[in-house]
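Each of the two complexes below includes subunit A, the first together with subunit B, the second together with subunit C.
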Partner chain A sequence: MRREPPRSPADYAPLAFPALMLIVFFVVPFSIMIAVSFFKRDPAGFYKPDFVFDNYARFLSAFFGEVLGFSLMLAVTVAACCIVVAFPFTYLLTKRPRRVQTVWLVGLLSVLSLSEVIIGFAWSTLFSRTAGITNLFVAVGLMSEPVALLPTFGAVLTGMVYQALPYTILVLYPALVRLDPTMTEAARTLGASPMRAFFNVVVPALRNTIVATLIMVFVFALGSYLLPQILGRPRHWTLSVLITDQAIYQSNMPFAAAMAVFLVLISLSLVGLTLLVGRRENAA
Partner chain B sequence: MNALRRLYFLAVALFLAAPLLVVAGVSVNEKQDLTFPPRGFSLAWYAQIFTDPEWRAALFHSLTLAVCSAALAVLIALPLAWFLWRRIAPWANVFQVLGLAPFILPPVITALGFLSFWATLGLFGQFFTAIVSHAIFFVTLPLVTLSLGFASIDRSLVEAAATMGADDRTVARTVVLPLILPYLISGYAFAFVLSLNEYIIAYMTIGFTTETLPIKIFNALRYGYTPTMASVSVFFVAVAALVFGSIARFGDIRRLLGALSSEDS
Partner chain C sequence: MSGLSINAITKRFGDFAAVDDVTLAVPHGSFVCLLGPSGCGKTTLLRMIAGLEEPSAGAIVLDGDDITTLPTHKRNLGMVFQSLALFPHLTVGDNIAYALRIRGASKQDQRKRVEELLSMIHLSGFADRPVTKLSGGQRQRVAIARALALSPKLFLLDEPLSALDAKLREAMQVELRQLQQRLGITTIVVTHDQREAMTMADLVVVMGKGKILQAAAPIEIYRKPADAFVADFIGITNLLPVEKDGAGRSTVLGAAVPELACPSGMTKATISIRPEDVRLTAPGKGMLDGTVTFVRDLGGTIETFVEAAGTTITAVATPRERPDVQVGQKVGVLLPAESCVVVKS
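Showing the complex of A and B:
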C-alpha cells in the first residue's frame, strides 16, 4: 500500500487521540510552567498570577552563578569520563559474537533502567564504612581500618558516571555497529597495529559522532537530581536538585519554574547543536 | 591484545555489577545491620516486601502505575505511528517531535510542568494524574519501537491484501497488526520497566499522598537504613533483567537498539 496524503477528514481520525493527549498533557503543562515563571510567589498557596521578572533576576546572584557553574562542570566531567571509557568499549563490543553482544545489551539496559534512588542507595552502601569497599582494602592490607567515602565530590561523580555509562554505550552502539569494517582492515593490511588503526582510523572517522554523544550525555547528566543529594553535600547540589528543592521544600514554584525554563533553553540549544553536527556528518 | 581486551571488559562489568552485588549481599543479612560481607543468611527481607503493609502498598501502587501508564503510552503511540506510516502529512511530524521531547529534556522539567498543570486544575495528588503523566513521559519508547516496526513492514504484502479487496481496517487487523506485534510488546515492556523505576514525576504528582516503590525507598533512606530497601532494589534489577532478557530471547534486541538510539540522538 503506497503512502497517500489524507483526503477526507475521516482520514485524520487516528491522529485525534494522540494529538489531543500530547497537546493537553504536554504542550499545556509546558506553557503553564512558562507562565508560572513570571508569576509571583504566594507563601499561602502555590503562586499568584502576575507578570514579573523577579524570578529571572535571581539568576544574577553569586549563589546561582556558583550552582550553575558547578552543574555545568560536573556534567562536562561526567560526559568526558563516560566517552573515554565507553567509546573503546563499544567498539570492541561490536566486534564480539552476536550472543556476547546480546548478553551485554541486556545487562546495560537493566542498569540503565534502574531508578536513581536505587543507584544512589547502592553506591551509598558501597561507599559506606560498615559495608563498603574499604572493608575489602582492609582485608587485603591496603588500609588499616574502613572509612566512609561519602559524602564527597568523588562519590557524586562515580554515581553519575555509573548512571550515564550504559546510556553512553547505547547511544554509541548504532554508529559503531554500522561502521564499515573494511576501513580498519585496510589500515591493518598496510601494517598498522590494532591500537593504531583504532586511534588513527576509527576515532577520526567518528569524530562528529563522538561530539554529538558528548553533548547527549552532557544533557543526560544535567538531569541527575537525586545522586548529588544522596552522595554529596549541599555544595554539590546541581541545578536539577535546586529546582526540586525550590518547588517542593521551599514551595517557591515561580522561581523553580524560571530555573526550569532556563534549563530547557540550555538543553534545547545543545540538542539543536547535536542535530547540526549530525547533519554535517550525513552531508560529508 | 586479547588479554588486554578481557581485562577491559572485566573492569567495566565489575564497575557495573559491584554496587548491585553489595546490595544483594546486604539484603540477606540476618540482623537489621548494614554489613558486608553479610552476617548470617536470611530471606526475611524479601518476604517483608510482601508482608509489611507499607511496602506491599508501595509495590501495589508501582505495579498499577506501570501497567496502566505503559498501556496508555502504547494507546497514544500506536495510532500516531500508524498515521505517520500510512499517510503523507509532513506537519504531522510535529506530533512525533512532541512525543520524543519529554524523553530528551531533563526529567525535572517535565515533572515540574506536570506539577503546575495538575495543581492549576486542582487535581493535584490524585492517582490517575501519575498514570497520565507517566504515559506522556514514556510515550517516546513505544513510539520509537512502533515506528521501527512499521518501517520494517514489506509494503507489497499490504498491497497484495488491498488488491484482494481488503479495506484499510481489515488490512490493519490481519496483516499489519501481527507484523508489528513484537514491536508493540517491546515498546510496552520498555515503558513498563522505566515507569516502575521512575521517581521524580511520580513524586511531583502523587508524592504527597501515595508512595510508589522508588518514593518509599527514598523516604526510608532519609530516616536511615532498613534491609528491605536492599531486597526491593534486587527485586527491581531482577524484573528489568527478566523483561529485557525475554525481549532478547524472543526478538532482536540488537536491531531494536541499533535503531532506538539513533532515533534518540
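Showing the complex of A and C:
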C-alpha cells in the first residue's frame, strides 16, 4: 500500500495534538532550562535573568569532570553488562516453546512494575550484613561470617543492571524472534559448533539491534538517580544526583540547569558518534 | 556399504508421526528427489539426514558409519535451505569461504577455493559483493557454492528453487543436475514439483503421510505408478474405475476392454491412463462415446476434455496429430489397453 503524502493543511491536523503536547511539556520546559542555565544566581533568593557563562565554566573543575566521567562510565558498564546477560538469554528464550516464552516475558514485565525505590531497598537488604545473601553463603559453608556488600560499586552496578535488564530483553526479543533460524542451521551444516554459529552468525546479523539496545540502556542508566545513593558511596554518585543536589538543596537553579543541559549534550553526542561509527562500518 | 542408508527412521512430534518407519538406500553418487505434498514428511526426513532433527527411532548410515547421533557440524555435508540462509553481514566470497574459515584454512587457500567455486557457478568476480545486492538466481548459486565449498559427502537441498520464477527454475534444474553429474556427489533434494523431480533425479521417492509410497526411476514412476495417489501426483492422469462384468471381462465405464488384465481376485480397481495415451476417433469407432466439453490449445500441446459416461477424460495431443475437434462435438474415445495401468485406489 502506497501512502499519499499530506497535501492540504487539514491533512496535518492529526499531528496538532501530539505537537501541542510536545511543545507544552517538552520544548517549553527545556527552553526555560536552557535559558536558566545562562542566568545568574541570586544568593539571596532564586536567580535573575542575565547572560553569563559562569555556570558552564564551573564544570571545568576536576571534581565535576570526575563525576561526569564516572556517570558515563557507569552508564556504559550497565549497558554492556545488560547486553552480555540479556542477548544470550533472549536468544535461548526464543528457542523455547511458545508457552515458556510467554511465562518468562510476563515475569519480566512484572519486574517493570517495581519502582526504583523498591528495587533499591530490596537490594540494600540483600547486600546487608545482617539479613543479606552472605548469611546464606555462611549457612552453606562458603563463608565464615556474613559481610556487608554495600555500599560498593558492585552493589550500584547490580541494582542498575537488574533494573535495566527487562527493558533490554524486551527490546532484543522482537529482533531475535524474527531471526531466520535456518541461518544458524546453515552455519552448523558448514561445520560450526552451536556456540560458534551464535558468535559468527547471530551476533553479527543483529549488530544494529545490539547497538540500538546499547544506546537505549546507556541513556536509561545515565539518568539514574536513586540507586547510586541507596547502594553506593558519595563517590559513586552520578551527575543526576549532583543536579538534584544543586537544584533542590543548594537552590542554585542556574548551575543545575547548566549541568542538565551539558548532560543532555554529552549523551546526544555519544549516541550520534555511535550511530556514525555504525554507519561507516556498514558502508565499508 | 557405500552411500547413504536410512533404516526404519521414525520422527514423532507428540502423537503425530511426521516420518513413519522409512527405509531407503541411496547409492553413492546418485541424485534422489524426495517428492510429495506439503506435510508429507519429506523435509523432516531431510533434516534428520542433516542432523538438524533427531530421529525418534531408526538409524542413518553414511558410507558404513552410523551417523544417527552425530552432531550436524561433524557430518561433512552441504545443505541449501529454502530460505537460502545466506549470511547477510558477509560478502559473497566470505559466505562461500565460511566453512573453510571454520576449519582454519589459510587466507590464500580460501581465496583460491572461492575463485574455483565462483567460476563453477558462473559468478567469477563477484567475491567482494555483498550478498544483499544479488538477484534471486545469483543468491541461489552462491548458496549452492557455499554448501559445496568443502566437497562434502552429501549434498542436501530443501526446496532450493521454489523462490525463483518459472523460467529461471527450469534453467537451474538443468544446471543443478549437470553440476551434480560433474561432481558425482550424492545429492538429495526435497521438492513438491514433479517436473523438477523428473528433470533431475536418478531416483524419485514419492512420500505421503510420512511414508514412502513409491521409490523408483522417474520414468518408471510415471509409467507404472504404484497407486492412484502417485499416479495423480506425478503428472496429469485419468483415473477410471475398472470392473469385471458377468463374463469375467474387464470393463471401464461400462465399455469392455478385453485385453486389460486385472490382477486375479480383484473385482473392483482403478486404472490410470496418461492423457497422451488417450486417442480420439469418430463417434462409434472408439470404446466409449463422449462429448467434448473444453479444448485447451496451448500451442505446443492441445488438451481436450471429453465427458463420457459421467466422467471427464482428458486427452493430450500435439499439433501435428491435431484432433481438430470443437466443443460440443461427439467423439469416440480409445483407451489402448497397453497404456492402462491398474493401480490400488
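Definition applied: the second predicted complex is superposed on the first by the 246 of 284 C-alpha atoms of A that agree within 3 Å, B and C clash if a C-alpha of one lies under 4 Å from a C-alpha of the other, contacts with A are read in each partner's own complex, and residues count from 1 in each chain.
Keep this in mind: contacts are C-beta pairs under 8 Å (C-beta built on N, C-alpha and C of every residue); 3 or more make two chains touch, one makes a residue touch a chain.
All figures in this text were calculated on a predicted structure; none of them were measured in a lab.
In the superposition on chain A, contact is made by A:191 with subunit C only, not with subunit B. Looking at the shared chain after the overlay, A:29 reaches subunit B, while subunit C stays out of its contact range.
Contact with neither subunit B nor subunit C is seen for A:79 once the two complexes are overlaid on the shared chain.
Looking at the shared chain after the overlay, A:109 reaches subunit B, while subunit C stays out of its contact range. By the touch criterion stated above, A:166 is placed in contact with subunit B alone, subunit C being left untouched.
When the shared chain is aligned, no partner comes close enough to touch A:68: not subunit B, not subunit C. In the superposition on chain A, no contact is made by A:214 with either subunit B or subunit C.
Considering which of subunit B and subunit C touches more of subunit A, the answer is B.
Once chain A of one complex is fitted onto chain A of the other, the partner contacts of A:4 are limited to subunit B, with no touch recorded for subunit C. Counting contacts as defined above, subunit A residues 194 meet subunit B in one complex and subunit C in the other. Subunit A meets subunit C in the complex at residues 180, 182-183, 185-194, 196, 200-201, 204-205, 207. Residues 1, 5, 8-9, 12-13, 15-16, 18-20, 22-23, 25-26, 33-36, 75-77, 79-80, 82-83, 85-89, 92, 95, 98-99, 101-102, 104-109, 112-117, 119-120, 132-133, 135-136, 139, 155, 158-159, 162, 171, 193-194, 197-200, 203-204, 207, 214, 217-218, 221, 229-230, 233, 236-237, 240-241, 244-245, 247-248, 253-254, 257-262, 264-265 of subunit B are the ones touching subunit A in the complex. Those residues of subunit A whose C-beta lies close enough to touch subunit B in the complex are 1-6, 11, 14-15, 17-19, 21-23, 25-30, 32-33, 36, 46, 85, 88-89, 92, 98, 101-102, 105-111, 113-126, 128, 130-133, 135, 162, 165-166, 170-175, 177-178, 194, 212-213, 216, 219, 222-223, 225-226, 230, 240, 243-244, 247-248, 253, 256-257, 260, 263-264, 267-268, 271, 274, 278. Of all residues in subunit C, only 50-52, 71-79, 81-83, 85-90, 98-99, 102-103, 146-147, 149-150, 156 touch subunit A in the complex they form.
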